[in-house]
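We call the chains A, B, C and D, going by the order they appear; numbering starts again at 1 in every chain.
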Amino acid sequence: MKRSLPLAMLLALGLASAARAANEADYKAAYATAEAASKEAAGLRNQWTVTVSTLAAAKKAADGGDFDRATAAAREAEALAKASIFQAASEKEAWKAMEIR
Amino acid sequence: MASSIRVRATSNGDITEVQALIQHPMDTGLVKDSKGELIPAHFIQELKFECNGKDVFVADWGTAVSKDPYVKFSFKGAKKGDDLKISWTDNKGASDTTTAKIS
Amino acid sequence: MTTTTGALATRRLILQGAASVALLGLGNLPFAAAPARAAANDKYPEEAFKQKHEADAIKALYGKTAEPSDKVKLDAPEIAENGGVVPVSVTTTLDKVSSISFFVTENPYALAASYKFADGTIPGVANRLKMAKTTKLVAIVEADGKLYSATKEVKVTVGGCGG
Amino acid sequence: MKTRSALLLGSLSAALVAFALTSPRVVAADKVDPVADAKAFQNFFFQKFPDVKHEDFVNGPYSMNADMKRQWQEKEEFPPYEFALDAGKEMFATPFKNGKTYADCFPNGGVGIRQNYPYFDEKEGKVVTLELALNRCREANGEAPYSYVKDEMASLTAYMAFTSRGKPMDIKIPDDPRALAAFENGKRYFYTRRGQMNFSCASCHVQSPGERIRAEVLAPALGILNAMPIYRSEWSGMGTTSRRFVTCNSQTRAVPLEPQADEYRDVEYFLSYVANGLPISGPGARP
């Protein structure tokens, strides 16, 4: 189960607490990075449903003016997207381990 | 449109075994649809089986009867070729009936 | 056995054979020319179906209480594969049966189904019921004016009411 | 303020990816051998469940759990998919606006042929499933295609499956590198972990058939498509193979691909081929 350890760590890091109140600029930057990562994951045809829903939550929070929550959600979406990209890359070979031979 | 009632009545000696499957949503009225609105109760209340002019079996159903309900029972006093009339009415007043030959 | 070849009919026949044999055993009950039995009242028992609890529903339906009897055979799964479609059946060796009813105690409304039997109709019924969660299932048989019951617990892992 | 953690995040995943790539690429491009794969696949299940009769594997969870099998057999006396089956039979015979029917699109009039689907179409160079062939037949006759996950397609495939009930699955892999590639692609998809749950099809249907995941008893992968389409009490309706693939993906929190995507067609090809010889038992009833 070596592989799932890095996944869990990636997720935990993504939820690191915020230092000061985020403003709209922070949110826009975080959202853009998250959206890019999400597009990359979709391109690999390995998108996670939670990435999509967290990204949507970020946007919703931002529309409501709550940039703290919006930025945190965007960061989490980025972490999820990156984890799914990592999963796609590692599974390129890892699947063979489970194959019935 | 094909009847909503599928029935199989087979006679074996003096005993006729009856199985019926009815196409009906049997909505309980306690379930919400995807938009969050309650789906109104819509279920068969009475199902009647008549043979040779006599009610041989009557079912009173509530909302806890499964969707596309099924029932099986047997009765005596009928023979191959007799007609078995099946009819149901639901809480919205809708109904359907069909007649099957005992095979 | 459901994967036998052949058309719809043959598969059905094989299954029927098994089913009718099971019920046949009941056929040879001594059936005296029973007097017109006190069938539960004929119209739809609206009140009984509204009761939440099983005891109230039985009182509303029959107006009396039941005593457990091993002559009432209640067949239901130990763990329902799906709470929405639980195959349940009752057979009984009691005589002069006028009504059989099923109560699912943990459902919003206890009374699930009630069946009225004419003379000559064999006292047994199989049906498929919904069960909200793990529950006691009570079958009541009205025979010669008295009530007999059997109870079984059915574990339900997935609530049968959808939504 | 989050840059520090974002930076750390980026570098960590980069490091790990690098490590994965440089790991010694031992695996030579081993030759794709479907016959050997099928034998190994079947033996795995025959040895893991020695007292399950071989043809019983097609009955999914019911081959794994006696109490559920009894409930299923009671339902099979007058199965809930009866209406979908009759509707499918009626639809199959109803002519299109141009007077033709489905029978004109399929060998043997579409009767008793389900066991040969999916097949590899050498003209197209891709796997063609029964559901795809049905929609192509509709479009060829000027009719709108049906949704792959809704009732009409489920009823049609239910009827076609029923006409093949009992016949052994008989999937062919032509000696065409593209067919072997499709088979391999299907196998890869079957064993690849996906979604936040990080499950592959094999995590459930190879490692733990017979056990429960939440409330459901898991079916063995061997013969799992032989019962398609299935009437699930949970859906209180009939579901196609496409619907099953899409919902399984969502349950592992992976965004599903569009129905009849190449990966789905290939994994259906792989799973059907390795079940060759086991009887068709569709339409199936499931919890």
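Here is the rule we use: a contact is a pair of C-beta atoms (placed from the backbone, for glycine too) under 8 Å apart; a residue touches a chain by one contact, two chains touch by 3 or more.
Quick caveat: nothing in here was measured; it's all calculated off a predicted structure.
Participant: Would you mind telling me which chain pair, B-C or C-D, is linked by more contacting C-beta pairs?
Facilitator: B-C
Participant: Where the CA atoms of chain B average out and where those of chain C average out, how many Å apart are those spots?
Facilitator: 15
Participant: Let me have the rounded angstrom distance from the C-alpha centre of chain B over to the C-alpha centre of chain D, please.
Facilitator: 35
Participant: Compute the distance, rounded to whole Å, between the mean C-alpha positions of chain A and chain C.
Facilitator: Roughly 53 Å, centre to centre.
Participant: Give me the residues of chain D that touch two or more other chains.
Facilitator: 75, 77, 80, 236 - these are the residues of chain D that touch more than one other chain.
Participant: If I count partner chains per residue in chain B, which residues reach a count of at least 2?
Facilitator: In chain B, residues 8, 19, 67, 70, 72 touch at least two other chains, as defined above.
Participant: Where in chain C do residues touch two or more of the other chains?
Facilitator: As it turns out, chain C has residues touching two or more other chains at 16, 19, 84-86, 89, 126, 128, 162.
Participant: Name the graph shape formed by the protein chains and their touching pairs; answer line, ring, star, complete or other.
Facilitator: It is other, because the touches fit no line, ring, star or complete pattern.
Participant: Provide the residue numbers of chain B that touch chain D in the complex, in ascending order.
Facilitator: 2, 6, 8, 19-21, 23, 67-68, 70, 72
Participant: Which residues of chain C touch chain D once you look at their complex with the stated criterion?
Facilitator: Spelled out, the residues of chain C in touch with chain D are 1-6, 8, 11, 15-16, 19, 77-82, 84-87, 89, 126, 128, 157-158, 162.
Participant: Over in the complex, which chain B residues touch chain C? Could you list them?
Facilitator: Residue positions touching the partner: 8, 10, 12-15, 17, 19, 28, 30-32, 39, 45-46, 54-67, 69-77.
Participant: In the complex formed with chain B, which residues of chain C make contact?
Facilitator: Where chain C meets chain B, its residues are 12, 16, 19-20, 23-24, 26-27, 31, 42, 44-45, 49, 84-86, 89, 104, 107-109, 111-118, 120-122, 124-131, 160-163.
Participant: For a test of understanding, state which residues of chain A touch chain D in their complex under the given definition.
Facilitator: 3-4, 6-7, 9-10, 13-14, 16, 18-20, 22, 26, 30, 33, 42, 45-50, 52, 71, 75, 78-80, 82-87, 89-91, 93-96, 98-101
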